[in-house]
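Some structures are shown below for you to check.
Two complexes follow with subunit A in common, the first pairing it with subunit B and the second with subunit C.
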Partner chain A sequence: MRLRNLILWDIRFQAKYGFYFLYAVLTVLYVVLLFALPMDLRRKAAAILIFSDPAAMGMFFMGAVILLEKSQKIPCAFAVSPVKAAEYILAEVISFGAISEIVALVIAVAAGVSNLPGVLIGTLFSSVMFTLLGMIVAAKIKSLNQFVLGTVPFEIICFVPAILYLFGMLPEWMQYVPQVWCMGLIAQIDQSIMGIVWYAMLILLLFFVAYRNIERMWNSMGGAKL
Partner chain B sequence: MIQVKNLSFGYTDKPFIRDMNFEVREGEIFGFLGPSGAGKSTLQKILIGMLPKYEGSVRVNGIECREHEKDFYENIGVDFEFSTMYEKLTARENLRFFSSLYQRKPRSIEELLEAVGLLSDADKKVSDFSKGMKSRLNFIKALLHDPVLLFLDEPTSGLDPTNNRMMKDLILEEKKKGKTILLTTHNMQDATELCDRVAFIVNGEILALDSPHNLIMAKGAANVTYTWQEDGEKTAVCPLNEIAGDEKLRQLIVENRLQSIHSSEPTLNDIFMDITGRTLV
Partner chain C sequence: MKIVYRCFLQMMRTIRHDMMLFAVCLGPVLCGMLIKFGIPFLESFLCIQLQKKTFLAPYYGLLDVFFAMLASVLFCFAAAMVVLEETDDKVIRYLFVTGLGKKGYLISRFGIPSGIAFVFTLILLRIFSLTKPGITELLLLGLSGTCMGLIIALMVVVFSTNKLEGMAITKLSTVIMLGGVAPYFVEHPVKYLLAPLSSFWMGKGMLEDSLWSFLISLMVSVIWIVVLFIKFQKKIA
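Right, the complex of A and B next:
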């Protein structure tokens, strides 16, 4: 019940802060861009667009969400409420995942992708990973500049191998690397189902770190460092 | 309701709170008084479970604070000194959001807003609120889930006299409903008026703990101050219980030369200064 409420309120906050409007505009731009490309490039371009934006939006926007909450001392309110860090994390992951899925669906349809469920699963998996990464960094920082700097290494680690893989520039075994495996799902490249094992292990690790960082952030916001 | 035994805590190796012992009974208003940096807020953070690395025992509602689960907060309401609201949401939206986080049936948002005079501002964004309005909104946020234990940090800070009075009446009303209230304040007048018992905290130690009345009566009897004209205005002070033996006063009364006479009790602030050697800043 509380998780459901948190998700619904997160969606309302995101709408209120203009995330939905922003992504409506961006989606139109992406669709126009895709139609400007020749047919043979559209699917790869769509995969890059989906992986680097709607799927990764959680990483970019968790910084804004958490910095905004810190500036209004909301973590103190969460610290003395029955909300568990796990519920907070899940609500953010699910609410950002929902926007990611809608935008990815529109882009995939515009690009003429046939296997829509595959794209949506790949987008969802990527979105969970990116949102957790964004949360891990955002819980530790105090300014937007710090957040931008803090996320650069993750962007390089996530985007570069995934894009190289898309263009066949990586060895076969690299498909098991979680971010590469996610890109493979979005781009509908045939790959081993075993990639899910490594992906699940990474998500468990990211969830654990995010949980620890969020709990520390909530408890230290009262003015005392633990 | 609260039992604190041999509590010590430090942010560094040096203890900041030293060997504190006290109990808070169910249904009482208990005040923490002390100057800035005395340890009041740290003590409050330990009691609300935000600082688990303490020594000794701190039991709140029967639960050791360092071991609490998150449902501990179903029975606790915390009013921080600062606003903890989403500025872009309206007052009503904020209250609806925070009430949705609890399992307990929430109190009526309309009634709470009306009680603090904010019903007409319910649909304004919190960013448009004054400091006093935010303070009142923060207070009712702590009451939303009808907790049995309330922690109030400087609840009257930044309020004008009318709202100050209203806030104190609301606190007394919550006490009448059986709630236990912990109040942290600099304001001795508020503490005298509201608290059943107060603890004077200085340098992380409790230097006195009793009802405001007992503290005042134990430390200083009421005095009588009188003035008369004799080569300019003269003033004399005599303890109330020795007034019959004050020859000068008797003479002035007989000669009808008294210019003014009044009795005065020491205030809680006088007692605080007397016991701690500090003022409340």
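Right, the complex of A and C next:
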């Protein structure tokens, strides 16, 4: 019940601050861009678009979400409420995942992708990974500039190998690297099921770090330890 | 003027504290080195692999267009983030009632960073450009790139009321940089739908080696900047 309320609250928060409007506009732009490309490039372009935007939106926006919550003193309320850090993290992951899925679905349909469930699973997995990464960075920053800078190494680590893999410029064993594996799912490249093991291990690690960072942030709001 | 300069220095201290200053200065240099040394290497590699005479070379001009915008967009973006924080924390209203005033605030937050970005862009383009543009072309390219950075920064602060909306607008506004791609890849007249974007005319200017296109790019930029400034002044009134 508490988790459901948190998810609904997050969705309302995102709608209020224009996420849905923004992604409606971006989706139209992406679809126009896809139709402007030759047919043979369309699917690869769609994979890059999905992986780098709707799937990665959590990493891009998490800093602003947490800073805005801080300026509205929301973490102080969370700290003294029964809400647990794990529930907060799950709510963010699910609410961001929901928008990612909708946008990815529209882009994939526009690109003429046949295996839609594969794309949606890949997008969801990527979205969870990016949102957790964004949360890890966001819980430690004090300004937007710090957040933008803090996410750059993760963006390089996640996007560069994934895009190189898409163009066949990486050795075969790299397909097990979680971000590459996710890109493989989105781009419908045959992937080994073993990739999910590494992915699950990474998500557990990221969840643990995000949990610890959020707990610390809640417990040290206003410069005092609660 | 002294107070404007001090206000600018205060912003630079904030940016330096966030390490953003380091990134803003280093990012374009690293990117320039990558373009200067990495792209020709990649070009020769791809030409051998794909058995083609050229692969990336026809698009060197497009790379220069994006590179011309990069330093300026980074400088102005960092300034826009500071303005957003100041708006969110209500500091901006207090600054307006000091000797700084609205005009001084705008100069310190947008005018001086744009000027620095322009000089920085010219130096970087001179060193790292792959097409080696002439002086006039270089000046126009640098000026157009600077205007693009200013437009994006103004869009962020005009259309957002808090940090979250600011990030959303940042994402949306960077799309206007992509107009430069159209002249290179779209032959159909439908590409002129992007004519209201100054980046479109920058791309066209580089592709066709046309100074007129750069001048149109500047005129389009001025229109954007004036409209956005009027909107920003109304917002902070």
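Here is the rule we use: the second predicted complex is superposed on the first by the 223 of 226 C-alpha atoms of A that agree within 3 Å, B and C clash if a C-alpha of one lies under 4 Å from a C-alpha of the other, contacts with A are read in each partner's own complex, and residues count from 1 in each chain.
Keep in mind that, in the parts below, a contact is a pair of C-beta atoms (placed from the backbone, for glycine too) under 8 Å apart; a residue touches a chain by one contact, two chains touch by 3 or more.
On a predicted model such as this, the values are computed, not experimentally measured, just so you know.
After superposition on subunit A, the partners subunit B and subunit C are accommodated together without colliding. Once the two complexes are overlaid on the shared chain, A:17 sits against subunit B and subunit C alike.
In the superposition on chain A, contact of A:209 is made with neither subunit B nor subunit C. Within the superposed three-chain model, A:45 lies out of touch with both subunit B and subunit C [touch as defined at top].
In the superposed pair of complexes, A:65 makes contact with subunit C only, with no contact to subunit B. Shared-chain residue A:219: touches subunit B; no touch with subunit C. Using the contact criterion defined above for the overlaid structures, shared-chain residue A:2 touches subunit B, although it does not reach subunit C.
When the shared chain is aligned, subunit B comes close enough to touch A:73, but subunit C does not. Looking at the shared chain after the overlay, A:81 reaches subunit B, while subunit C stays out of its contact range.
Contacts of A:121 after superposition on the shared chain: neither subunit B nor subunit C is touched. Here subunit B and subunit C sit at a least CA-CA distance of 9 Å once the structures share a frame through chain A.
Overlap of the subunit B and subunit C interfaces on subunit A: residues 17. Residues of subunit B that touch subunit A in their complex: 11, 41-42, 45, 48-53, 70-74, 76, 78, 80, 82-89, 97-98, 100-103, 141. For subunit A in complex with subunit B, the touching residues are 1-2, 5-6, 9, 13, 16-17, 72-74, 76-77, 79-84, 219, 222-226.
Of all residues in subunit A, only 17-19, 22, 25-26, 29, 36, 60-61, 63-65, 67-68, 71, 143-146, 148-149, 152 touch subunit C in the complex they form. Subunit C meets subunit A in the complex at residues 14-15, 18-20, 23, 77-78, 81-82, 84-85, 88-89, 162-169, 171-172, 175, 185-186.
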